[in-house]
Amino acid sequence: MHGNVKVFSGSAHPAFSRRVCAHLGLPLGNSKLVRFSNQNMLVQIEENVREADVFYIQPSCPPVSDGILEMLITIDALKHASAGRITAVVPYFPYSRSDKKDRPRVSITARLMADLIETAGADRVLTLDLHAPQIQGFFRIPVDQLIAAPLICQHLSQGSLADHVLVASDIGEAKDIERYASRLDLPVAIIDKRRYTDNARPVVRQLVGDVADKTALIIDDEIASGGTLIEAATFCLERGARAVRAAAVHGVFSGQALDRIEAAPIDSVLVTDSLPLAEEAVASGEPPRPRPAKVEQLSVAALFARAIEAIHDGTSVFELVH
Amino acid sequence: MHGNVKVFSGSAHPAFSRRVCAHLGLPLGNSKLVRFSNQNMLVQIEENVREADVFYIQPSCPPVSDGILEMLITIDALKHASAGRITAVVPYFPYSRSDKKDRPRVSITARLMADLIETAGADRVLTLDLHAPQIQGFFRIPVDQLIAAPLICQHLSQGSLADHVLVASDIGEAKDIERYASRLDLPVAIIDKRRYTDNARPVVRQLVGDVADKTALIIDDEIASGGTLIEAATFCLERGARAVRAAAVHGVFSGQALDRIEAAPIDSVLVTDSLPLAEEAVASGEPPRPRPAKVEQLSVAALFARAIEAIHDGTSVFELVH
Amino acid sequence: MHGNVKVFSGSAHPAFSRRVCAHLGLPLGNSKLVRFSNQNMLVQIEENVREADVFYIQPSCPPVSDGILEMLITIDALKHASAGRITAVVPYFPYSRSDKKDRPRVSITARLMADLIETAGADRVLTLDLHAPQIQGFFRIPVDQLIAAPLICQHLSQGSLADHVLVASDIGEAKDIERYASRLDLPVAIIDKRRYTDNARPVVRQLVGDVADKTALIIDDEIASGGTLIEAATFCLERGARAVRAAAVHGVFSGQALDRIEAAPIDSVLVTDSLPLAEEAVASGEPPRPRPAKVEQLSVAALFARAIEAIHDGTSVFELVH
Amino acid sequence: MHGNVKVFSGSAHPAFSRRVCAHLGLPLGNSKLVRFSNQNMLVQIEENVREADVFYIQPSCPPVSDGILEMLITIDALKHASAGRITAVVPYFPYSRSDKKDRPRVSITARLMADLIETAGADRVLTLDLHAPQIQGFFRIPVDQLIAAPLICQHLSQGSLADHVLVASDIGEAKDIERYASRLDLPVAIIDKRRYTDNARPVVRQLVGDVADKTALIIDDEIASGGTLIEAATFCLERGARAVRAAAVHGVFSGQALDRIEAAPIDSVLVTDSLPLAEEAVASGEPPRPRPAKVEQLSVAALFARAIEAIHDGTSVFELVH
Amino acid sequence: MHGNVKVFSGSAHPAFSRRVCAHLGLPLGNSKLVRFSNQNMLVQIEENVREADVFYIQPSCPPVSDGILEMLITIDALKHASAGRITAVVPYFPYSRSDKKDRPRVSITARLMADLIETAGADRVLTLDLHAPQIQGFFRIPVDQLIAAPLICQHLSQGSLADHVLVASDIGEAKDIERYASRLDLPVAIIDKRRYTDNARPVVRQLVGDVADKTALIIDDEIASGGTLIEAATFCLERGARAVRAAAVHGVFSGQALDRIEAAPIDSVLVTDSLPLAEEAVASGEPPRPRPAKVEQLSVAALFARAIEAIHDGTSVFELVH
Amino acid sequence: MHGNVKVFSGSAHPAFSRRVCAHLGLPLGNSKLVRFSNQNMLVQIEENVREADVFYIQPSCPPVSDGILEMLITIDALKHASAGRITAVVPYFPYSRSDKKDRPRVSITARLMADLIETAGADRVLTLDLHAPQIQGFFRIPVDQLIAAPLICQHLSQGSLADHVLVASDIGEAKDIERYASRLDLPVAIIDKRRYTDNARPVVRQLVGDVADKTALIIDDEIASGGTLIEAATFCLERGARAVRAAAVHGVFSGQALDRIEAAPIDSVLVTDSLPLAEEAVASGEPPRPRPAKVEQLSVAALFARAIEAIHDGTSVFELVH
């Protein structure tokens, strides 16, 4: 029904795009990003895409605003170049934590992002673990959401989890933990934090459940500055945990996150490669750094490749991940 | 900037509409719903609404589909009658639990409802406690969401809460409990249920936290069939709770819910009047029944009246509820 | 150009859907409608529809509002399930008599229905005998309208029509009669009714034309409560008609219509199977009843099957029916 | 709610626009139409219209295509000139007889006209006697439709109608006659014409009802080429009518219509001034001609002026005409 | 990906459409334009176009407004006839000089034209040398713009250009001259005209550059009334030019242009066949005239045929023209 | 018609916003921009804006992408905060040089910017000297474009221009020079550059016109990297110019532009304050630098203030600048 598959990569995470293409047995499409001295960008698609079934891969990572605009400009260029169908492949969706109006006169920016992507001309979106499943409802175009939990649980199960307790670092973010708890058949504990006014920083109040003499395995959908994770780890150790590990889908590791985690009493951190890690983060313009010892990356490139094939062939994406 | 305020009521909950109008000191607008023998409805607005600032009140309750279509038809009639601005006042939003795609090939029906309301011609929406705050992002038109927690907490605080523990009946639904816990300064406990396959009924696995010798105050955003509530109550009592109470924003009480709750080991249930209760439920066509003894209703009519005034006058709605 | 044909049935008229599928030589697609205790519906498409050329069959019949919402929810589910093309097959279009604004501040609900179907995501509509041909102009998406008159005339011509006069029961609804008069080459008579104020019930004033010693064959596009038909029959008999027969495309038969027609001085009534009749009306929740003796049903299932094939193959639908 | 009323006239019927302005006590707005040698038009609004409540008057008459484009260009100019609200006043709606798809692969051009007017930027439409009332449903923007029947009936009633019979010249166009019959309390007769194939010219078959020794008063919504009217008049006279008169809302009088009517056995023709008549038709570029003796024009300018006031003031338009 | 190519011609320039079809080896599609006595048009597509890849050819030429409406009506008819894809082929784009708002309260009519074409239902546009390249940005649908300069330069190069100077007749229109200057490697001169108030007619002030003893080859994108061209030619001769020639993409030749050019001191004029010339201009209703001796037409029909093939096959259009 | 004027400033050029507010006699609205460690931005409007007539000022300058997203997020926040009307005030429009598709498969990014601004929710745009006047046609919402030429010419006229020649540095960009030439009544000269292939850097070929013994006053709409300006200056001096000055509307001064201009043989450069200059450019994060000696800034803040007043009051903006 659609022309040949062509995969293009934005400048956010070309290593991931190459991994996906390797699984697909396809070359990466030719395109060029020029940054003029006035900081304007020119995206040039350097091969014919008329009628092609185009997948454009761009997770949201630093420089965040440049990455979003590069994505919108590229989708617009592809549309006006008469691409047959354009799927925005966004392994980490931009502004996915700005998904509600929890104070007056703010933007629900995740919804705005959905609108901008539709306006630019995308026909579909393929993404991984949105911060809230409701974000899928922000789009009028079809969205396929992949889920990393099966892969993560499978990986964790290769080691012994005998004394592990799954820990959610906030009641408000605990909803995802059930997905892991069911698969790993482990008990859970939840850190009860309170925000005494709407804008106040949440304060840890108690641990609901028990981690004494256990290994606390802290689960979250993303690790950003690392502050929440380190606070949770410290709190678990205070409550008698024997050790602390962490697993999350998206390794954002913003600011000094990696250094802080290296220094914190956390044994290991497992994330996927939805985002570039240290040495890969070429688009940010910062010098590459060695991969931190504690952080392990689990690749979701094969999962994305299978999803792209399913979208192109018209077979079920849902069954890929459940 | 807008013409005079006019408030119209759908047939879902006229008692509530009258309460709101009483607080506003306005008469209810004249309109008529005719149901033909072929079940088609005719809504006739029986007074001029050109340029008026119209508020149309219709929570979603049985008969649910008729209520939704009546709302869409009325909004369409108001638009073509040249109303200056139309605010759909939906104290209980339809299909708000269908807010994500948690299995393949289903509709995110809450998003569809948002689209239908916009298509019919509403300019704004005013609602109360959406099941998920992200639902606000389903709309392109402005939405004002009122929150009942401050009123509910204030009411609960009038009695002694000395031995109370707040209980969430599901980790996945626990996110709202923090709002109550912070205001009431009470400990929390969470029932850990697991769904072992995507479609399976969740099974209670453990209680995270402690309710022994306490009064369990079960908090939820709505009580529908009552099954979840009664299961949670029974479980708390098994774990040593001294007594069980419940509070929720929306008293849906579908099917035999009220009878089952009367028979269950629950001392009291507090809900708002966002939905008609037993004797008020005239639109459902069933004979009115006496108000159940255990259920107490707290009115949010004054809150809606103040919000309507704020929307009309251009003053802040957010400050009304926070 | 489009994927395989898949036909799904809503719960309005599954017998008709099965007849259409039999003519197509295709199995009916698997889908499931769940009604929760709170009257919310969940439609689950139970087979992969990515890229498929989907036809969803749902005429409007009791329970009318549930049927409309089920249709919108199913179309939304199909769209988000990445169906290649979705054709809403609506043999009897909802609210087709609400096609104009004949009093102030009412909805042109047939137009609203068109908008809602487009909003939900349908790509095309296939329907039968709209109340007014202008309703086709309510859609921005392509509409194919089938016409039952050729089939009905062919069927009537199998008996003797020697002494027949075609009768229209209202000048305002007489426009369709020419279609029958030309094909059957019969004289016509028209009942002149007057509405002396806009909302008044029309009053029969005179018969324009002659039925004395003739068989009056009353033609209408639909029979709803039967009141208009029985009034016309009685009037024709008063003016000397020897007998009365009736033919209509859509047998709505709302309320006590069938019982009233059985008791009225009408010899026979011919309708199509665009709507379920008595024993078939499972979705209404009422107990099935025996088929009334006077009513004969002519199937349009083969016509719809040929139209579906033409739409899929890109051959002319117009030529099917003219 | 809206700024000052400003009325602008297109070049179709400036005499009518001046009459409307006289009733409103307002000067006609300054605008200029330039036609370049390449037939392109430039419309220049020559006074500030920011925030104004603008009414632009342009019925559809020769040169028809120029008139439609002039209207669209003017609306676009007004919108980009920041007019507060733009009401397209279209006393005779273009292409209103192309309101259905009565043969394959044709445009429902009345619907296209509605879409074009919305695209150009009109906020509302004010019109008179659409060919079919369903055309109102072609618009998503509010439409006010005025009805000339009350004025026409009032005018006709000033003479004696003792021996009059109302005649519809086609069953398919008979629906409007009831509106006159009820008001004038006269009998009706209908000419039964048949189209034996879809594209064939209709053939007169019989007169349903009786005109012998009566004055036939032929009613239609418009008189275009006059062919239908003259054919009907001749037929009535053949059936014994004593005399023939005619009344219609819109005097299109295309081609040689006026000459043919002057020569035909018709005593008088009554139309409104929704369209320019002979000596007024300046935009057509043809030399003005004397007003034909048989044709009487009844002005609807005061009716339009009252409707414009009602739209601006937010009072009911419907009550103006019913 | 798309069905068979079908090419239809509007009534503007059927000779060109036939030339394009000849290059494609395809018959012209059957369609019919009926003009009623009331000047309304009926376009009937007389062959099945379901799923077809339809190209509809209609440059903008007299009668201009009729031609634009015929195009919109035809596109609407094709859309509702379920054409698979509709490309509006507009060799000379209507109102392309109305591309900016250079005085207050005027329409940017070229943008309006783009909007109208999209509203009517076109999926793509194929055009030749837009007056300003920015006009491509007026469309949300993909636009392919062909460029005649390579063909024109190739043709001019067949003669000797030894003493030629390229002349732009206005600084404001000089931007295109570089395209010719680079290809022909000739010097340029520019006529400096000034508009001393916004609406004033521009006045020639000086020649920037030198034409003495040279052949002035005046370049423009179109020749309309010829006034600008003749004024420039006269000015060049006054400044010592030996001879004057002219080349332009679009030969509009409005009003008495051809006669005036014949009489002017210009040796030759080269244009393409994007517009009908004299004897071909059947749609204008004027009697055909002999082709003027000085004007030479260069056909772009083969270029359009190759572009249509490229659009259908999904190969690059850009490479055709650069 | 609209509520009170409120002016908010983005972080691009707060000094300019304060100047505009000073002219308006209004305080700048309270808003806050938070940048999280993950580079996501949160814009919080810190005062009630319901029904207000909001003007949001944000020219496009480094960091460009952040500035664009900040603008879109702020407009979205204002819309959902129920602002009565939102005017995006964009003194320098982003990506205004990407206004055409001059190579294959590129984005017309200026059009995309217009679409994004509309999608975010702006009701109007107020801008200054767009690179091409056609860009106004990229918007469906009303755009007011201010023109700096009158102010610049008035300022230049305060000195002696006796020996000045206006120079355009490229034929393709020469269109604006007429605006200055007419007002200043000076001769012009144009640098003829050629691009021998589409992507090639243009090469200076000749000077059309004469600058010998004159002061060359180079006119452009913006100065970006300064490369074009310095090349033109050098070329003029080679052709005998006595001195070189420059004037432009927008002082972009990207990269090392200011240093290069200081070092170049240019006597003075005049620009407006549409963009921050050196010491003002706080948002770029770079340390402030001293204002370069050669560059003079002419403020357009009063012009913007008068335009804001005119938009709010509904008086003519066009007359402000012509």
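Order of writing sets the labels: A, B, C, D, E and F. Residues in every chain begin at 1.
Quick note on the criterion: a residue touches a chain if its C-beta (ideal position, glycine included) is under 8 Å from a C-beta of that chain, and two chains touch if they have at least 3 such contacts.
Note that the coordinates shown come from a computational prediction; the quantities given were computed from them, not determined experimentally.
Interface of subunit A with subunit E: the two copies contact each other largely through different residue positions, with under half of all numbers used appearing on both sides. Chain centres computed from CA atoms place E at the largest separation from subunit B. Separation between the centroids of subunit C and subunit F, computed from CA atoms only, is 62 Å. Averaged C-alpha coordinates put the centre of subunit A at 33 Å from the centre of subunit B. A separation of 51 Å divides the Cα centre of subunit C from that of subunit E. With touch defined as above, residues shared between interfaces to two or more other chains in subunit E number as follows: 1, 48, 80-81, 101, 103-105, 108, 115, 316.
By the contact rule set out at the top, the touching chain pairs are A-B, A-C, A-E, A-F, B-C, B-D, B-F, C-D, C-E, D-E, D-F, E-F. Those residues of subunit E that touch subunit C in the shared complex are 1-3, 48, 50-52, 79-82, 84. Taken in their complex, subunit F has these residues touching subunit D: 1, 124, 142-143, 310-311, 314-316. The part of subunit C that touches subunit B in the complex is made up of residues 36-46, 48-49, 62-66, 68-69, 72-74, 76-78, 80-81, 94-95, 97-98, 101, 103-109, 112, 115-116, 119-120, 224-225, 252, 254-255, 257. Residues 99-105, 108, 110-111, 115, 132-138, 140, 145, 168, 171-175, 177-178, 181-182, 187-190, 192-196, 198, 205-206, 208-209, 316, 318-319, 322 of subunit B touch subunit A in their complex.
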